[in-house]
Structures are given as structure tokens and as C-alpha cells.
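Each of the two complexes below includes chain A, the first together with chain B, the second together with chain C.
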Partner chain A sequence: MIWEVFRQDRKGQPFEHAGSLDAPDAEFAEAWAREQYGRRGESVALWLAPRDAVHVVGDWADEFDLKYRRVDGYSIKARLKEARERAAAAGTG
Partner chain B sequence: MAAVEISRDEQAFLEYVQGGGQVETSDWLPADYRAKLVKFIEMHGNSELMGVLPEREWILRAPTLQRKLALTAKVQDEVGHAQLIYRVVEDLGKSREQCLADLVSGKSKFHNVFHYPTRTWGDVGVIAWLVDAAAIISQKALLKCSYAPYARIMKKICWEESFHILHGRDVILAMVTGTPAQFELVQEALNRWWGPLMQFHGNPIPAEDDPMFLWRIKSQGNEEARQQFLDGYVPQILELGLTVPDPQLRKRDDGVWEYTEPDWAELKSVVTGHGPCTAQRLAFRAHFIDQEQWVRDAVLAA
Partner chain C sequence: MNELLLLGLADDELILGWRDSEWTGIAPMLEEDVAFSSIAQNEIGHARAVYELLADDADVLAFDRKPEEYRCAPLVELHLLDWGRTIARRCLYEVADEIRITALMEDDDARVAGLAAKINREEAYHRMHAEMWRERLADTPQFRSAVDELWRYALGVLPPKQREALAARLGREQVDAVERGTHDDAFAALHDEMTMVRRSAPAGAQW
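Our next item is the complex of A and B:
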């Protein structure tokens, strides 16, 4: 049984995927994960998850062009220039 | 952000990895890429596993309790690396049992430096310092490997290797500041190991002709790695009053190191199973795989 190992460097930091191990149950998985990822105090916590229990999402369709949700969905350069020019013209006129 | 779509096309895949892209186990991988990954990563795992044997021979003979404990810890680290690495190979489709079977039958290879004897405590110091230094240069370049699961475990491996180099330097410093006889043990060990160390990074084929570089399994060429080793460690060797046993060795004005051509015939002969300790060490490994079968049986039956 394959277990995915996630480790945390310090309290408050995100858990990061560190590797995987082969163990018949959680007790064995814990013993080996402690040896591999914690024996020098390099992790404050570990998450061990059976690989089969991880629901993977990896496809990101964008059929509806949802770029208004992202910063690359906005191009303000030309309009900002125009607005500044108008303001400048109004100020001097 | 949209995830990068990797086309089921070898050329597109090649361009993707050459542009610095990384892939996961679940992505489509070209057959040749997968085969090269297995070969490369398996040899790395083999080397970690075989690499503990030259040092293991000195655990019982280590000069102090502190050294005995440090050496034992190092052996545990390296075996741990082998476990992590074989796990990556398993996800690529080759079982650990098969890796071990191919190792002991001589079908797969391990690094040249682990085929040589460890004659004195001086050799233990030179291995821990300079062999590990040469290895860490290769391993640091693997942090950028196009195969992400391998690159990720390399973080932990490199981190532990940095302890090993420090341990090696400490052993060497204790000896070079000791009696003239102790200093001489270090110099003699350096003389024995210099040839294998210069062969370690492989023949200087251009990176573009190296299939491992082409697929960005490695991120640098062999000669680049050797130059980096010389640049980093020759000054450290010389400052201790030791002599590098190569009269041709010099750094040119343009920063490139010149050296006597390493013995490539020796390298080839050693890694194909004809090194001075190859047979003995493989027999030892085979014996232990056999003897420890009951542990695997007991765990799997749990």
C-alpha cells in the first residue's frame, strides 16, 4: 500500500509533499515516515495519506473564457493613458 | 491559471522539458523518457545502497565512540536514500525486488567509487568528504530534474549529504592536525581516490549528446560537474597542505581546470562489474537480501 507523505517545516507553514512510502498499514507507515522525515527534527508534523484516498484534480477547462477572474483579464494601460491626458488637458485649459 | 497541457507527442514533450517543464507520475511519458528515467534513477538507488558498504566495514573499527555513532547515522541516511529512490523507480513501473535482483546479478550498475576497498581510516575520511562532495554536485543538479517526484526527494537527500560532507571534513581535519603518520594516512588515501574521483562524473561528452541531459533528467553536462568539483574542492585540499596527485592539474586564466586525462578504460571496466571489490560487495548484498527475507515476509503478512 502506497502512502503519500506531506511534511511541515515549522508551525504555521504549509504542508508540502515530500515523497511516498510503501507500508501495509498506518502504524508501519508512521514508523517509517518518522525515520525518513523526522529523525533530525526537520518536520514538526506529517500527514500520511493512502495514495488511493487522494482525489486528484488536474484538468482545468476554460471554455467560458473566465479571464475576468484573473489579473491577465484586465488591460488598463491605454485607458489609463487616455484618462491622464484628459485630466492634464482639463487642468491646463 | 490553466494547467500546462502536455501533448501526447514526443516532440512537444521534449520541448516542454527542455523549457524547464516538470512532469508527474500520472502524466503521459514517452517510452524512451520512462526507460531512461528508470535506468538513471535505479543506478542512483543502487549506488546509495552499495555506497554504504565501504563505510560499513569501518563502523566496528572507528577510532572513537562519537565516530562510530556518526558513521552509523550516515549509513542509515544512505540506506534511507536508497529506499526513497527505489520508491520513485517503483512508480515508474519497476519493482524494488526486480531492482535488487538486477543489482546482485550484475545486470544494473552502481557508481564507480563504490567498487574500491576502504583500506584505512584515511579512506573513510576521503570518501565522506570528497566522494560525497562529488556526489552532491550531481545531486544538486537533480533538484531541477524534469521528473518532479525525483526532484522532490532530492531536497531531503541533498540536505542530509551536507551533514556527511561536514562529517568527512571533520574526520580529515582531525587527522591532518594529528601526528605525521595520521597526515600521511590522509595523503595516501587521497592518492588512491583521486583517479576514481576524476572519473566519477563520467567522460566529457558534450551535454547535447547526452540523452540524460536531452530529456533534462540531468541539468548539466559531465565536464561541467567535474569543473565545479575541482573549483570547489582543490583549494580546500591544498589549504590543508595535502598534494593533489596530478602534476598536470592547473587552473587556466580563463577559469577552466586542466588535468591529466582520467582513465576511462578503468571506469568502464569497474562499472561493468570488474572493480576490485565488485564481486565481494555484490555477494555481501545478495547474502543480506536473502537473510532479511523474513523481515519482508513478516511485514507483508502483518
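Our next item is the complex of A and C:
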């Protein structure tokens, strides 16, 4: 049984995927996760989830080319530059 | 301070840590490999702490004695080549060690009692690990026969007055214990390998 392990660096930080391990039940998973993801003091908390319990979403249909919903077509950089220049001009004026 | 008893305890932890380390890289599962190696390393750490109560330099006690001067129980030095018996030994050892360590937590010498309490906090995790395996293997014939085989060795870990507690905890009858003070043939090879670095750099190896 594969378990996905998520670890938290510090209290208040988001949990991040640390890796996975193969363990027959939650007790073994806990013991082994403690050793692999906690024994150097690198985690304040762990989440262990059986891989089967993870609902995976990985297909993204884009049949109608809805790229206007994405942000990669906009050059934020150029607009930021303009805005900064305007702000600077207003500041000295 | 009962120095002979503490030396026996430290030698048990050192030699069991050494024997269990032999599984590093070849344990049945990768995950257990990491866990078992980590526990073995903890045991060697306990040995060092106890040696430091007894001498200024732990290495002198750990590595400079002749094989016949080690006080470890025959249980810990057995060269077990299969996993079921290795886990059976750990399970038996953890119960015996718990009886011995909790008694030392009441020692008149505050340094001994304090160190025993510190060791006990780490051993709690080792016991959880051993118990997890015992529950899983308890019904297998291999594990049962391994416990039968090692029982008289387990009794030899404890002084006679603590053996009844061990028998009661495990629901077994006392039998003739395999006592401390002798070593099997495999111990000479273990000692030779264990002291190799020390002998090659008597002033202390630098890593």
C-alpha cells in the first residue's frame, strides 16, 4: 500500500509533498515516515494519506482555445514599467 | 553506582547496535531499512552515554578492551541471519531493557537515574517499533519458534532478581538463562571488525 507523505517545515507553513512510502498499514506508515521525514528535525508535522484516497485531477480540456483566461498573453513587465514611470513623474511634478 | 551492571548495559547496547547495523542496505523493505538502521544508531548512542559515566573516554571502553572483557549478554551478539529472528530478538530485548532501565530511573545516583530517564524517552519509540512488528508476526510459526529459541538468551540480559518480571510480562516460564560472561565464536570476528578503525588510528580517527 502506497502512502503519500506531506510535511510541514514550520508551524503555519503549508504542507508540501515530501515523497511516498510503501507500508502495510497506518502504524507502519507512521513509524517509517517519522524516520524518513522527521528524524533530522526537518518537519514539525506530517500528513499521511493512502494514495488511493487521493482524488487526482490531471486532464485539462482546452478545445475552444480559451487562452484569454490565462495570464501568459499579457506582458505585465512592460505595464509595470509604464506605471512606475508614471508614478515617478507624478512624484516629482 | 553498580559499574559492572552499567558496563553490561552499555555493552549490550553497543553490540546490539552493531549487529542490527548489519541489516543496513539489506533489510526486507527500504522503509524498514532506514528505521532499523536509525534505531541501531540510537542504541550505540546510548552505549556511548553510559560509557561516559564510567570513563573519561567512551572509545577506550568501546574499542580498547579484549574480546573476553566485554560484558554483553549472549543474546545481543548472536549473528542472526534472518529477519524473523532479528525482530524476535529486538522484541525480547526491548521488554528486558525496559525492566532494567525503569529500575535504573530510581537509582540513588542522580547521574545514573537521569541518564536512564533520558534513554527511556528514546526507547519508548523503539518499543513502539518492536511492538508493531510483534503484532504483525506473532501468529507466524517462524516468529514463534524464534521467540522459543531466544527466550533463555533473553533471560540472561537481566540480573536474576528482575527475571520474574520479564517472564510475567511475556507470559512465559523461567528456564535456565544463558548468562553473561562467555562469548560465542562469532564475537571475535565482530570485535575484530568493530575495532578496526580504532586500531588503525589509536589517537582518534578524523572524518
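We adopt the following convention: the second predicted complex is superposed on the first by the 61 of 93 C-alpha atoms of A that agree within 3 Å, B and C clash if a C-alpha of one lies under 4 Å from a C-alpha of the other, contacts with A are read in each partner's own complex, and residues count from 1 in each chain.
Just so it is clear, contacts are C-beta pairs under 8 Å (C-beta built on N, C-alpha and C of every residue); 3 or more make two chains touch, one makes a residue touch a chain.
As the structure is a prediction and not an experimental result, all values here were calculated from the model.
Q: Using the superposition on chain A, decide if chain B and chain C clash or fit.
A: clash
Q: Using the touch definition from the top, say if A:L21 reaches chain B (first), chain C (second), both or neither.
A: After superposing on A, A:L21 lies in contact with both chain B and chain C.
Q: After the superposition on A, what does A:D65 contact: first (chain B), second (chain C), both or neither?
A: It touches nothing on chain B or chain C.
Q: Under the stated touch criterion, which partner chain does A:V56 make contact with: chain B (first), chain C (second), both, or neither?
A: It touches chain B, and chain C stays clear.
Q: Which one hits more chain A residues, chain B or chain C?
A: Partner with more touched residues of chain A: B.
Q: Once the shared chain is lined up, is A:A31 touching chain B (first), chain C (second), both, or neither of them?
A: After superposing on A, A:A31 lies in contact with chain C but is clear of chain B.
Q: Which stretch of chain C would you flag for clashing with chain B, going by 75-83, 147-155, 165-173 or 183-191?
A: 75-83
Q: Just which bits of chain A does chain B share with chain C as contact spots?
A: 21-24, 28, 35-36
Q: Spell out the part of chain A that touches chain C in their complex, as residue ranges.
A: Where chain A meets chain C, its residues are 21-24, 27-28, 31-32, 34-36, 39.
Q: Tell me, which parts of chain B touch chain A in their complex?
A: Touching chain A from chain B are residues 1-3, 26, 80, 83-84, 87-88, 90-91, 96, 149, 152-153, 155-156, 159, 299-300, 302.
Q: Could you list, by residue number, the parts of chain C that touch chain A in their complex?
A: Chain C residues touching chain A: 29-32, 34-35, 38, 125, 128-129, 132, 136.
Q: Taking the complex as given, what residues does chain A use to touch chain B?
A: Going by the criterion above, the answer is residues 2, 17-25, 28, 35-37, 42, 56, 58-60, 62, 70.
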